[in-house]
Structure formats: structure tokens, C-alpha cells
Amino acid sequence: MNSEGLILFFLLGLTLVGFAIVFSYFIPRKSENLQKYETYECGIPTYGLSWIQFNVGYYLFAIMFLIFDVEAVFLFPWAVVMKELKMVAFIEILIFFVILGLGLMYAWKKQALKWE
Amino acid sequence: MEDILLKNKLDKEQEYFINMGPQHPSTHGVLRLLVNLQGETVKDLKPYCGYIHRGIEKMCERYTYSQIIHLTDRLDYMSAHINNEAVCLLVENALQIEVSDRVKYIRTIIDELTRIASHQLWWAAAGMDLGALTTFFYGLRDREKILDIFEETCGGRLLVSYNCPGGLMYDIHPNFQKKVKEFLIYFKKKLPEYDQLLSGNVIFVQRMKNVGLLTKEKAISFGVTGPSGRASGFSSDIRKKEPYSAYGNVKFKEILREEGDSLARYKCRIDEMWESMNIIEQLIDNIPDGSYFTKMKPIIKLPEGEYYQRVEACRGEFGVYISSKGEKNPYRVKFRSPNFFNLSALDHMSRNQKIADLVAIMSSLDLVIPDIDR
Amino acid sequence: MFLYDFSELTSSIHNSISSVMSPLATTVVEMVIAGIVFLLFYALVGLILVYAERKICAFFQCRLGPMRVGKWGLMQTIADFIKLLMKELIMIKNADKLLFNLAPFIVIIASFLAIGAIPFAKGLHALDFDIGVLYVMAVSSIGVLGILLAGWSSNNKYSLIGAMRSGAQVVSYELSVGLSLMTIVVLAGTMQFSEIVEAQNTGWFIFKGHIPALIAFVIFIISSTAETNRGPFDLAEAESELTAGFHTEYSGIKFALFFLGEYMNMFIVASIAATVFLGGWMPLHIVGLDSFNMIMDYIPPFIWFISKTAIIIFIMMWIKWTFPRLRIDQLLTLEWKYLLPINLVNITLMALCVLNQWHF
Amino acid sequence: MNSFTKYFSDLFNGIHSLITGLKVTGSYFVRPKEIVTQQYPENRATLKMFERFKGELTMPHNNLNEHDCTACGICEMNCPNGSIEIISKFDVIDGKKKKVLDKYIYHLGMCTFCGLCVKTCPSDAIIFGQGFEHATFERTTLNKQLNKPGSVLKKEVKE
Amino acid sequence: MTNDQLKQFIKNYTTEVEFVDNPYSLECIVNTVHFYNLARVLKESDSTAFDFLYCVTGIDLQDSLGVIYHLESTKLQHKLILKVFASDIDNPEIPSVFDLWDCAELQEREVFDFFGIRFLKHPDLRRIFMEEDWEGYPLRKNYVDTVNIIDLIK
């Protein structure tokens, strides 16, 4: 029932949000007001664009995440079979961790973990 | 040539301006800051004031001297009583009226209670600005005890209007001394909790440390007084420099720190609360007998000349400048508001800090907007 | 051994339906029933959590909290929900309309997908994948996409910064969540939730795996709080600097949906913590106290599960209402310089424990 | 090595400080007696303001419907906001024309509660009352007449 | 430094000054020509070291507009009131001291806002409290407010 279940929960979310939005699209009273549809910025008109190139700091961490998460995915199958493979798996993962740790140390030393 | 123009234009477009205020939770009132951001970092900011400007200085030119007092309440409403005292002291000094020791003692005690209440609210709001909402309720809970004392004696909670030229509006309430002593016992238990909740907290310390640095030279140059200035090592306590009321009779330390960052400003205020309690303790049992009011002429006329009186309000030096032409109304009144001077340093302090630091710096400066706008 | 087994109940329902209907119709009917149950459960949990948060935070702050609507303000959240439902939806002039509308869908659907994989009791389990842990991690991180879209599409500067922060924060803490769960996977040897719970029959993993499991539990609580954007990690909506962060421009029911999504995410991570670390619906057993264990067995597993979840939710609320918010660089320092290295060492420690049978 | 020990001492000091904070809030959670909430409209019966509380200006009358106000106008002169208006009339008493109070109008909406009127009143005719529930739907209801209809000046003051 | 020494110090610098003995502190009235340089010397000289400008007041004396600078030295603990008057009411101009004391920048903007005194070389001379398009300078004595709240009440 797993695959149907996925569809079911997807549909549930869809229904809840869809119903709520449709409901409050028709039921509440509407009022027209020019100021109402302005962007909120503490009551002052916005100055300049808001969709511009943004600080690289955020992306840097996304890239870091990508590197480490891809490697973390390899850990999952290892974690499951750890109990059976015992020592071999342990030594293998130790090597893996050392490499991963070195990568982290490298990033640390290169100040990549420092927020700019 | 064209290339440079185009590049300039692009740079212009890439600038990211954000308005903080006038309707913003962190400005504690209607102050507007136009912040130029680069990612999360503040490049510079410009304050825009005047949203709550009431022209108090102009109004004062039409009022008699006793009427001015109730307007000073409305400048820095957190140190209402101290502001009142500045005008009263100015008038008394100008007319060379000697008020009784009782008046001086009571004024000093209420001054210090005002200071504690103000710092309690500041502590509450400082925690709230940094996201620890619980502190707000603890601070206000303790402040309520002081406001109750004020209400019983002065009749007002926030804007007490208890001073008048020549003394006080009425004598202290019979319960006053008892209540103040009870409060001291109560608050001595609660103040360590403030430390446990915020001062020692690793998140809080890291958010405040080395944020918004202000050197001593810059603090003097910007005229940053009060706890904010003293955190930079600028010894600006009027209570020590030019003692007024009963400050000459008490022993207390001027809290000074060298670091000049937000954490130092925070700690200065916490220590000032202890010091204020120390001052009250010395005075509360020794209030001398005497009249609470020196009779004055019904219409006060200051002799021609110019007068300046400074007092230590909760956020720094509060000064009143009055130029008199010998009439019952002053010719020109100017209030030296500590917050306006403190605000001028905000741009300098928050450059190259993060936007979250800007909030921390503002809460450590403890700006009260009506005092800036007047 | 167990008094309560829902798999018999569900299979009997399945049999009775399939005896009168075709297989397709059976599936449809079953799905409708399950759907209604989960929808009601979802709404109920949302309402209770909002009420609980208001009441609990009030008690931390020496207040009473809502007291007016109903006895002890019990009806307050319902009243608020009705109010929000009756509010007009405002669409900002410059917003990206499609993405602006899409964002709440993503947030809610992600939380629905995750809630399906949680084992509430033996047999009371909608989606039981053999890669359950991985699945929950995967779908729960879809939610951040909704936040990113909401912040970006609003065309509001506060929202954009909030969304950016949320993005950086969630991707960072995703790692710690994964690694701390993996510590337990090493101990359990499986990623299927039902098996993880069964494996705790002889003792909860937090006791079985002692030190490494405890460290993993603490790290999981911290990083999952961060992943759900709750205080002290609520940088995405940091109200003192960004007014309301990513949902500044949302009004009415759309705002309520974000709000609901946040609470449901909290419930999900708390229930995962309860399942993986605290034995899910397994009762508390103390070796040697047989009569005590007997009494514990009589308490229904659903109650066990809910109370464990509630305790973890309470701890998360306690943390939120005590600490100040972190700054973005502190947040990332905590993750990359503290949690991640500790986590890597911790997994090795756990592997060593498993290898040498040091666990109980 | 130094930075290594610093790393761990920072970690443990941090955790310790966080637990200290949790203890404070937790201790309040288990002590519901510390709750300070006042449920305002419900506690109206027990809620008492202090006697000096400046709620609104009132003019006390004795049971003969007499007040102390001589309509001298000092309070009106001293009020910074013009919230007091005294309307006087001339009555013939013992053959002499005398100024007496006709209406004492008090604009509550303009009052800043500075207390100068009460302080300067030579005959203590006005005091501050404790009423604080001033909310109304219309501004005009905030303009009050303080002397009761038909009230007169007290005898002993008249002499 | 005592008041007499201060007087002597200033007189050595320029003779076009006028002294008033005020019980609070020494007052020194200087013209706009010498003002900036005198202020600079007072701040930078080691024997005066007026590093703390604690109050800037604009004043309208009807025949002239002036600015009063309250100065204090945090090292030597002496005080001085420096006054400078611009007699041209229609176009009053006074040199700015924003580069000597950092706080002067905002304070002078306030004086400009209320009195219309233009501070020469000021980097950002805009109104600070009133709106940009406000007409007139409210704290001048001849300012007539069309909607005067005080008159409305009285």
C-alpha cells in the first residue's frame, strides 16, 4: 500500500490547502485599497529592486552541503550492513571518515566555514 | 567613459536598501533607518527622525516655567522624573532658592528608582530584540513593583509629574519607605536571575561581544553619554562630575568599562542597577524631616540671562538650556537629549556589522524615540 | 506479549471491505477512510500544538495565557483559525503569482508525506518503507523549498533575506539530522521504522546505545529544531530584524498554513525522535521489575507514543522560550564546527560499540 | 593543543550556560504561584487604585450639594493644555454683585494629568479621582461638567 | 584652565571676541569669520582640548540668528560656551564643525531644520525632523504657523 499511500498523502495535502484557499477566496469580504497591494517595508515605498544578485555567503554553504551530503548518502547503506560486515566495514568507514574529516579541516582552514 | 557610467549605474542597481522603521519591531518606536545592505552586512545607514516630533521646544516658549515641567516628562518617558528635576533645578538655581534636604533626598531616591525601572524595561526589550521573548515579561513584572511605588506616592505611573520648582507636589506617602525596602529585598533576588537567563548565556554573549565597537575617542566625539558612553570608558556621570540633589551625600561607584562593545554596554546597565540599589539603601532610612515644598511666588520669572542645567538621565546626560528675557515665559528652551547624541553614533557603530547585529547595537544603545524627536 | 496490535484490526477491515468490493474499489475506499482519519488527526494535532505552545510559553513567562474563549481558553485556537479563515487573501502587486500561491502547498504536502511514515502504534502505520529514515529525511527537506519560494516570490526584501537564511540553515542542519539518525541505524541495522521500533523491544536505543546514542539524541534535538525553523533558530522569520521574514506578505489562511506547517514539522521531528531514540510506541520496561513492566504493558502503545512525542515537543518549546536567537554566522559555526565533527566522531564511536558489543 | 582545549571548554561552558538559563524558566513553569496576570474586567470588584492616582479631575460635593469653587480661574490659567474652562456668572448676594461658578467644564481628552490645577487651587475645590475607565465612542463625551447641577458654593467659604 | 586663562588663550588667538561672564561657565562670542578656526584651535590645542561638544543650540535673537556650542574638555574638566551669530537673517551662513566633533553633523541638521542657518561645507544638510518640503523655519520668532494648535486650544 506504500505507493498508493504516497499518492494519498500527496492528495491530502493538496486538498487541505486547496480547500482552504478556495474557501477564503470566496467567503471573506473584500475591500479595495491602493496601498494594500504594496510591498510591506515598514510603511515606506520600496527603494530599488529586491530580486538582485545576492551575497555569495549563502551559496557557499549550499555547495558545502552538497559535498558533504552526497558523501553522507554513501553512509546509509554502510550503516545498514555494519552489523553483518563488522570489522571490514568499520575499517573502510574509518578511512572514509578520515577523508571526510580532512575535507572538513581543509574547508575550516581555508576559512570557508567563516560567514562573510 | 561610457563604461564607467554603465558600471556606476549597475552598482547603483545592485545596492540593496532596506527600510527599518517607522513600523518596525526593533526600533522601539517610530524611527526610520534606511539601511544599505550587502547580503547580510550593513554598509551604512541613515536615520530619518521626526515621526513623533511635537515641537516641544517651541511650545515651551509659550509656557510658564512650572508648565514646562510636564512636557519634559514626554521627552524620554522612561526617565520622566529625572527630566523634571533638570528644569526644577535650573529654576531653583536661577532664583537661588534653597530646597530642604528632605526634598533632595526624596528626589534622589525617586531618580534612582526611575533609573532601575528604565533599565528593567531596557533589559526586557534587549532580550526581546535578540529573540528571547521571556525576558520581556520578567523585566516588566519587576518594573511593575516600582511603578506601583510611584503610583502610590506620585499619582502617576510612567509620567509622574512629581517635581515642581521649589520642591515636590506633595509629601511622600506613609508607605513609601516600607515599599521601597520591600522592593529592594525582592529585586536583589530577581536581578541574579537576569544574569542567569541572559548575561551568561553563550548565544547572547557571542551576539553582543565585539559588536558595535565604539572607542573612547569616538564616544566623546559623538557625545555618547550615560551607560553607553561609560561602556567605552568615557567617564561622563553627571552625578559624580557635578553632584546635584543628594548625590553629594552618598557613596557610589561610577560604572566604567573599557571594551566599548554591546556586551560592555549591557553589563554597564546591569551593574548600574546594583549601584542604584546601593544609593537607595543609603538614603531610604535617612530621609530628614522638613518641608517638602519651599513657597515661591505664584508667577515665576527668571532673571534675564542664560542658564544650563545638566542631570544624569537613564540614557545619558540630559541638559536644559533656557534663555530668559526676564518674563514669565522663557525666550528659548533647548533640551539636550542624550538619545539624539547616541543615535548619531549608530551609523559609525553598525558599519560592516550584520543586520542582526544592528538590532543588538540598537538595543544596547537603548534609544527612546520621543526623546530624539522632541 | 502486547495487548494492543492494530495490524489485526486493519487487516480485518481490509478483509471485510475486499469481500464485498473489487480490489480497485477496496483500495479507493481504504484510502478515503485513511485520508479522513489522517486529515482529522493532522488538524487536531495542529490545533492542540498551537494551544499548548501558547499555554506553555505563558507559564514560562509568569502569565496565564489565553483564558477567555472557553474554559481555560481551550477554544482559542479554533476561534483564531476561524478568524484567519475569514480573512481576505492579499496578493502583492509585484509578487510572482504562481510561486506565491504554490509555496503553502509545498510546505503542507511535505509535512503530510512525512507524517505518513510515522509508526503510531503496532500496525498503525500508513507508509512503512524499508528505507523509512531516508524517506522521512528526504520529504521533510522538501518543506524548505516552500519557504524559499515563499520568500523569493513575495518580492519583499525582508522575505528574501529570510528565505536565504532559511535555505542556508536547513541545508546545513540536514547533515546533522542525517548523521545523528545514522548513528542509530548503525545500532539497529535497519532503516525501516517498524523494525527500528521492534528492535527496541528489549530496551530503548537511548539506553541501549548509552553515550553515543545520548549524544546523537541531543544533536538530533538541536538540529531538528533548526530544521523546523523554530526558536532559537528562527532566523527565517526573526521578527526583531525581518518583521516576519519569509511570510511577511502572506495573509489570512495562507499565513495560517505556514504556521500549521511549522507546528506539524515540529510534531514530525519530535515523533521521529520518539521513534528512533525513545522506543516509539514501546512501553517503558525496567529489567527486574516484572509487575511494573506488566502495568506499563497495559498502557496502550498509542498513548506511549504520544506522550513521548509530547515530552520532546515540550523540551523544544522550553528551549524556544528561554534562549535568544542565534546570528547567522553563529548558526553555521555551531553546525559546521561543532555538530558535524562531533557527529562524525560519534558515529565511529557507535560503530565501535556495535563491533565490540558494548551496547546493552 | 591550546586551541583544542579551548574548543572543548567553550563547548562545555556553553552547554552549562544554556542549562542555567533553562533552569530559570523551568523553575517558573513549575511554580504557578508566581503568575502575575491580572484578569482585568473580571477583577473589577477587587481592583483598587491608590488614593493619589490621577485618574480624572473631580470636584467633591458635600451632601448639601455644595462645592468649594469660587470661580477664581487660577486653575484655568495654570492648565497648560486648556483643558479647564470656567464659565462664571454674576449673582446678587446680600445686595452685592458677586462672581460665582456657573459651569466648570473639564476636557478630559486634553488633560495631561500634570496636577498643576489641584496644586494651585487656593480653596482645594478640585481633586483627582480614581476613575480610569474613560473609553468612549465619541470625543464629545470626554468634555465633562464637574459641578453638579444646582450646586452652590459652600457657606463658610462665602463669608 | 581657569576662565581667565581661557580668556587669555582665546585673546591670543583673535581679538575679535566678546566675553560674557556667566555663573555657569565662560561665554565667548565670536564672529563667523574666526569661528571655525577658533573652534579648531580650541579642540586641537593640548592646553584647551575641548573634545566634548555636549549641546548645540540654535537661537533667534530677531536681529540675528545664532548657534551656541557648549564645550567641555574631558581631560582638563573646563567648560566654555562658544557663540556665533550670523546677522544676515535672510541668508544666514555659519561654518560647519562636523569634522571637529562627530555629533555636530546631526545637531547642525537640527539647527538648520528649525532656524534655516546654512552650515557651510556640511556633508548632508537636509531637514531632519520636518518634512523635506516644509516651508519656513518653525523655531524662528517670526514664524507664523497657519494651524497653530496652541492657539486653537487657548
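In this document, chain identifiers A, B, C, D and E correspond to the written order of the chains, with residue numbering beginning at 1 in each.
Basically, contacts are C-beta pairs under 8 Å (C-beta built on N, C-alpha and C of every residue); 3 or more make two chains touch, one makes a residue touch a chain.
Keep in mind the model is a prediction, meaning the values are calculated, not measured.
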Using the touch definition from the top, list the chains contacting both chain D and chain E. B
Of A-B and B-C, the pair with more C-beta contacts is B-C
Using mean CA coordinates as chain centres, what's the chain B-chain C distance in Å? 45
At what distance in angstrom does the C-alpha mean of chain C lie from that of chain A? 15
Please work out the Cα centroid separation of chain B and chain D, and write it as a whole number of Å. 24
In whole angstrom, the CA-centroid distance of chain A from chain D equals 55
For chain B, residue numbers touching 2 or more other chains are 16, 18, 20, 24, 40, 134, 141, 197-198, 201, 203
Please set out, as single numbers or ranges, the residues of chain A touching at least two other chains. 41-42, 46, 50, 54-55, 57-58
Listing for chain E: what residues touch at least two other chains? none
In the complex formed with chain C, which residues of chain A make contact? 1-2, 4-6, 8-18, 20-21, 23-25, 27-31, 36-42, 46, 50-51, 54-55, 57-58, 61-62, 64-65, 68-69, 72, 75-76, 79-84, 86-87, 89-90, 93-94, 97, 100-101, 104, 107-108, 113-115
Complex contacts: residues of chain A adjacent to chain B: 41-44, 46-50, 52-58, 116
The answer for chain C against chain A in the complex is residues 27, 30-31, 34-35, 38-39, 42, 85-94, 101, 104-105, 108-113, 115-116, 126-129, 131, 133-134, 152, 154-158, 160, 164-165, 167-168, 171-172, 174-175, 178-179, 182, 185-186, 189-191, 243, 248-249, 252-254, 256-257, 328-329, 332-333, 336-337, 340-341, 344, 347-348, 351-352, 354-355
Given the complex, residues on chain D that touch chain C span 11, 18, 21-22, 24-26, 28-29, 32, 34-37, 39
Provide the residue numbers of chain B that touch chain A in the complex, in ascending order. 13-24, 32, 34, 38-41
